[in-house]
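Some structures are shown below for you to check.
Two complexes are shown next, each including subunit A; its partner changes from subunit B in the first to subunit C in the second.
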Partner chain A sequence: MQKITREQLIEKASALLADGTVKQVLGWAKGEFDYDITPAVFESAEELNANFVWSDFCGANFSKYLVSKTRKCDGKILVFLKPCDTYSFNQLLTEHRFDREKVYAVGIPCEGMADIAKIKEICADGIASIDCEGDALKVHTLYDDEPVCVPAADVLAERCVNCKSKKHVAYDELLGEEGEVLDSARFDEVAKLEAMTPDERFAFWQGELSRCIRCNACRNVCPACTCEKCVFDNPNSGVENKSPANSFEEKMFHIIRAFHVAGRCTDCGECSRVCPQHIPLHLLNRKFIKDIDNFYGEYQAGAEEGSRAPLVDYTTEDIEPGEVFDRRDTDA
Partner chain B sequence: MQRIGVFVCWCGTNIAGTVDVKAVAEALKNEPGVIVSTDYQYMCSQSGQQMIKDAIAEHKLTGIVVCSCSPRMHETTFRKTAASAGINPYMVEIANIREQCSWVHKDMPIGTEKAIILGKAAVAKVNLNAPLTPGESPVTKRALVIGGGIAGIQTALDIADAGFPVDIVEKKPTIGGKMAQLDKTFPTLDCAACILTPKMVDVAQNDKIRIFSYSEVTDVKGFVGNFDVTIRKHARYVKEDVCTGCGACIEKCPMKKVPNEFNLGMDNRTAIYIPFAQATPKVATIDPNYCNMLKNGKCGLCAKVCAAGAIDYTQKDEFIEEKYGAIVVATGFNPISMEKFDEYAYSQSKDVITSLEFERLTNAAGPTAGKLLRPSDGKHPHTIVFVQCVGSRCEACAEKGKEYCSKICCMYTAKHAMLTRDKYPDTDVYVFYIDVRTPGKNFDEFYRRAVEEYGVHYIKGMVGKVTPEGDKLKVQASDLLLNKQLHIDADLVVLAAAIEPDKSARPLATLLTASMDTNDFFTEAHPKLRPVESPTAGVFLSGACQGPKDIPETVSQAGAAASKVIGLLAKDKLTGNPCVAHSDEMMCNGCSSCERVCPYGAITYNDKEFRMPDRTTLIRRVASVNPAVCQGCGACTVACPSGAMDLHGFASSQIMAEVDAICK
Partner chain C sequence: MQVNEYKPLIVAFCCNWCSYAGADLAGNNRLNYPAEVKIIRVPCSCRVNPMFVLRAFQRGADGVIICGCHPGDCHYTSGNYFTRRRMALLFSMLDYLGIEKERTRVEWVSAAEGAKFAATMNDFVEKVTALGENKRLEDLRCKK
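Right, the complex of A and B next:
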């Protein structure tokens, strides 16, 4: 259960709308189902009271929406940022993707978001509604009279199990208590992949990536993917969309995308959250993060606004590529 | 579609020896766009070039592929050929089938197959080539010489002699470099100071030359003809233009226990000092690490005694920004540290010294006023052992020393041995060597005199160990010719330490984007034909920063570098390189990735108004490239996430087409 309440958020947003600080509020609204929460723009207290949602399913990271929304809004936009969202927020600022002056960022604490797939593994299908109160989620299904109680801790999303930080790295105002940067085990899964033989690893990724239906959800949700023109939409790039010749061909899409976001990915985990095929896409990005840490020294994208990522930085102290290559054997 | 002509060069047997050139020409005939494909013995010859011109006229060619040597050799030749036949010179591509193919393969079928693939890649690229026009840039008619040793001095004098202003940046308080520390010079035995100091005076008196002593280059921007350089002038706490160099401050300075680096720490100097009598500029410098006034505000004696009022304890480092058309690197060398060579007991005994220390011990201005005395007890040594190749030619122990030959040690050791025997006939002098290398005018005669006339004992073999015992140094060595072990009780052991480039060279190379070899010596543009130019346009090399050199060689190379600089500065305009980056503003995210990786500062951002499809306008931050500053390295094109940044002449699509052609 989240420590901060829906009412507190609505109160804050309504007040800022009322005094004219902001013109719009980026928040969450209910979708088809209780667990199907969608980002929405609110412009009045009435709208907020009617549709604003804050629950264990508010995973969506709003940072990316600021790129398009700030361009269209002639005033400030209030955005609610969970700790992990603030890293993406900073990263986008570093890349000058939106005007900081047009944003009012409210940091909100997060106790971790639930993964509906994990809930569905426990409950039968036919979920009618979910109450997110207390330490357990009460899942009402079409087939049970009594709700099924699922401990929230058991159904945490992967990225929340391996939460890297409860600390907000950017905000104008903070609601609730500030947390700490955590010592997460997020690279354990990567280490397992590294321990595999090349054949095993290939088989693993073949199994995972062959499920890709190339819906582009991962790219569309990714806060690092805000290019004015994505290479996959650019007929001159040579890697534009084409129908795959076999089920494993979309691996190229994912590999190219991983390279494009390398060093800029904050590990927010949105790609894996939205993947309808449950492909662990975050593992590709985390491999890059781990390698960059090993080869060039610890670097967390978005931890600091304006930080210079090792892959896109030139200094006179840059080491020779050969030295980086040698570190591969010693540290990786 | 291009109309491409392919011309395969035999290069005598250089290519034709391991590549079936006829088969290559034949295979490339079928590539898309190829109209004509042929071969010839020497494509770069007059008749070879005429062949290309004729083919352009006859077949109305729009693109040329020459399968030949490296583009570094003849790309310019063929571009000119194409231009004279009326097609854009940038429509020429070279497939390097010599250095990257025939020279590295021994097997004809393999070499031929690879040559065909390389040719196909070049054809694929030309198909996407577009005519390019280079821009022009002006030339700043001033040269910068980094390093004020004999190399830098000679280069500066020669450039100034041609009428161009020159600045010398020297990190020490005085110019002069290593040569100022030497006693006599081989093979003629003139005193180093006697031949160097007139040149130092020339530099000081030349109104075209400015000396920035006690200074360093901290930033270099720009490109050939237009370098923007930042020079950090360290605070010497003495006003350079006021100090008369009278030395009154030095007499009064109470801090007299500062190791004197000019005498390699073998005696002491004061905290305020002038390195040596002929220092240029003859200006005192306060060493902030030892000066009591600077450290804790107590003293101030030098300011009291200075009649000129030159002392200024509040002086700050000064940053000077200046424009230059050419930069000469003359950063010189240092002997390597003897730390890792403990078998010679360098750190255990004061009487084990390096050859440079020996120079100071025999120099009249040195710590012993030129008398050869042991550093430990000031006694006259009777048995002296010289060990050559300490840290040089270390194949097995590259970790410890250097793989290369330091070149100067054989000659200076012969000089030391000869002079010692000449001045002190009562001494026994042994020289241990691997080989004695004396190529050079009058060099071998010089060495033979040491052996034959002066009776120096030359022994082929290495010293295994030196053990201090009492006031003697037990030298254990092997005589390889007699095949026996030798034990010598020496009074003094002199190590001919290998030389290495100055430590400041590596960061400087990065600033200049000039390349270096694994030993940190600057790389020349061509080892034989362009020995004083670095591959980076506008950067020239003088002296030992390029490789071990003696004085005569250094001076001739310094003159050569100067002549190259003069050739450049004499031009009013330089033709630029059109192969530069450019950004597609419609796709640019304004993310700054390209700006951050650009080593040349060629990229800037501005806010630009865009008309959107729905008739609204949008102001977006977009990158723009200064084509005069861009060097076409391509770092930005890789960093750009959306592919908005691309390189003329090396477009991503062209490179992908080459890769495709190779992988097909």
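Right, the complex of A and C next:
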């Protein structure tokens, strides 16, 4: 259950719309179901009251939307940012992807978002509606009269279980209390994979990646993927917008996708959230983050606006590509 | 009976200013290195995009080696420092996906090191031969 309420957010947004500070509000609106909340643009208090949603399913990170929305809007845009969203926000600013002057950022606290896949594991299908009450989610299904009560902590999204920070690193105004950077266990899974034999790792990834349907959702949602022209849209790339024809294409897509955001990925977790095939993309991203921390010193993309990404930087003493395996083997 | 001896296909990306000349020198000095090494000349080792490495494997390479100027000697001052970071991360990722780490390598070979060039290639080919065919990053459609 979120500590800040829907009413508080609507009040803030309505006030800023009313006094002319902002022209538009980026917020969440209900989708087909209670759990597929979708990003939306609001322009009036009426619209906000009618459609604005704030619940445990508001995982969507709006930072990336600012790239296209600020260009279309002639005034300022209000954007609500959860702590992890602010890292993406900074990263986009670092890359000069939108005009800071056109944004009014309101930081909001987050208690962690729910993962609908985990809920479905408990309640099966036929979910009619979900109420977020206290520390539990009340799930009404088509088949039962009584709602199923699920503790919110049990269905927390993976990225929230391993939340890296409750601290906002960018905002114009903050609602609620500020949190802190956390000591998360987000690299544990990566370390587990590293400890496997190459054969086991290969089998693991083959199993995961072969499910990819190349919907491109992971790329489209990613706030680090904002190139106007993407290699995956190139008709000559051989992997243009089609489901992978064989295991090579699967791997190629995933290696290149992760590589292109290496050093810029803020580990916001959006890619894994949107993947309809539940492919653990964060395990690829975090491998790069872990290696970067390990080889070149700790670096959190987006933590500081204007910081230099590790792949466009170097020192004369860097580790040699051939040594990375020794380093890993001695660490393990 | 004649045994069909396995010969790996090796793609070597060689920087124009150093290793490519190093390969020339190896040739001039009549130093042997396997003919399975196919050299692709690049203006600088940092011209090699991770996609090139994957493409090489897709088109049938069993091993990919990138040769550039020694750190500090890059013709463009810093290109090879970027190569070093990029390839360290890429190779580590390939290994993470379970692809044999002996199939990829970066080596610094100057224009004067013809002997090092030949020795490097001999050693690399030997390692890759021991691994056998590249199965984990192959694209069956590209197989003849």
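As a convention for this text, the second predicted complex is superposed on the first by the 301 of 332 C-alpha atoms of A that agree within 3 Å, B and C clash if a C-alpha of one lies under 4 Å from a C-alpha of the other, contacts with A are read in each partner's own complex, and residues count from 1 in each chain.
Heads up, the rule we're going with is that a contact is a pair of C-beta atoms (placed from the backbone, for glycine too) under 8 Å apart; a residue touches a chain by one contact, two chains touch by 3 or more.
The shown structure was predicted, so the numbers you read here are calculated from the model rather than taken from an experiment.
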Given the superposition on chain A, which partner contacts more residues in subunit A: subunit B or subunit C? C
Looking at the overlay, what does A:194 touch: subunit B (first), subunit C (second), both, or neither? second
Taking the superposition on A as described, I'd like to know which of subunit B and subunit C A:235 touches: first, second, both or neither. neither
First (subunit B), second (subunit C), both or neither touched by A:20: neither
Contact-wise, after the overlay, does A:291 reach subunit B, subunit C, both or neither (first, second, both, neither)? second
Tell me the contact category for A:96 with respect to subunit B and subunit C: first, second, both or neither. first
Counting only touches as set out at the top, which of subunit B and subunit C does A:256 meet: first, second, both, neither? second
Once the structures are superposed on A, label A:314 by its partner contacts, choosing first (subunit B), second (subunit C), both or neither. both
Need the overlap of the two footprints on subunit A, from subunit B and from subunit C, as residue ranges. 231, 311-314, 316, 318
Show me the residue ranges of subunit B that touch subunit A in the complex, using the header's touch definition. 507, 510-511, 586-593, 596-599, 605, 618, 620-621, 635, 639, 641-644, 652-653, 656
For subunit A, which residues count as touching subunit B in their complex? 71, 94-97, 226-231, 234, 236-238, 260-261, 264, 308, 311-314, 316-318
Residue set of subunit C touching subunit A in the complex reads 50-51, 54, 57-58, 71-72, 78, 81-82, 84-101, 104-106, 136-141
Quick one: which bits of subunit A touch subunit C in the complex? Just the residue numbers, please. 193-194, 198-206, 231, 245-246, 248-249, 251-252, 255-256, 258-259, 262, 284, 287-288, 291-292, 295-296, 310-316, 318-322, 324-325, 328
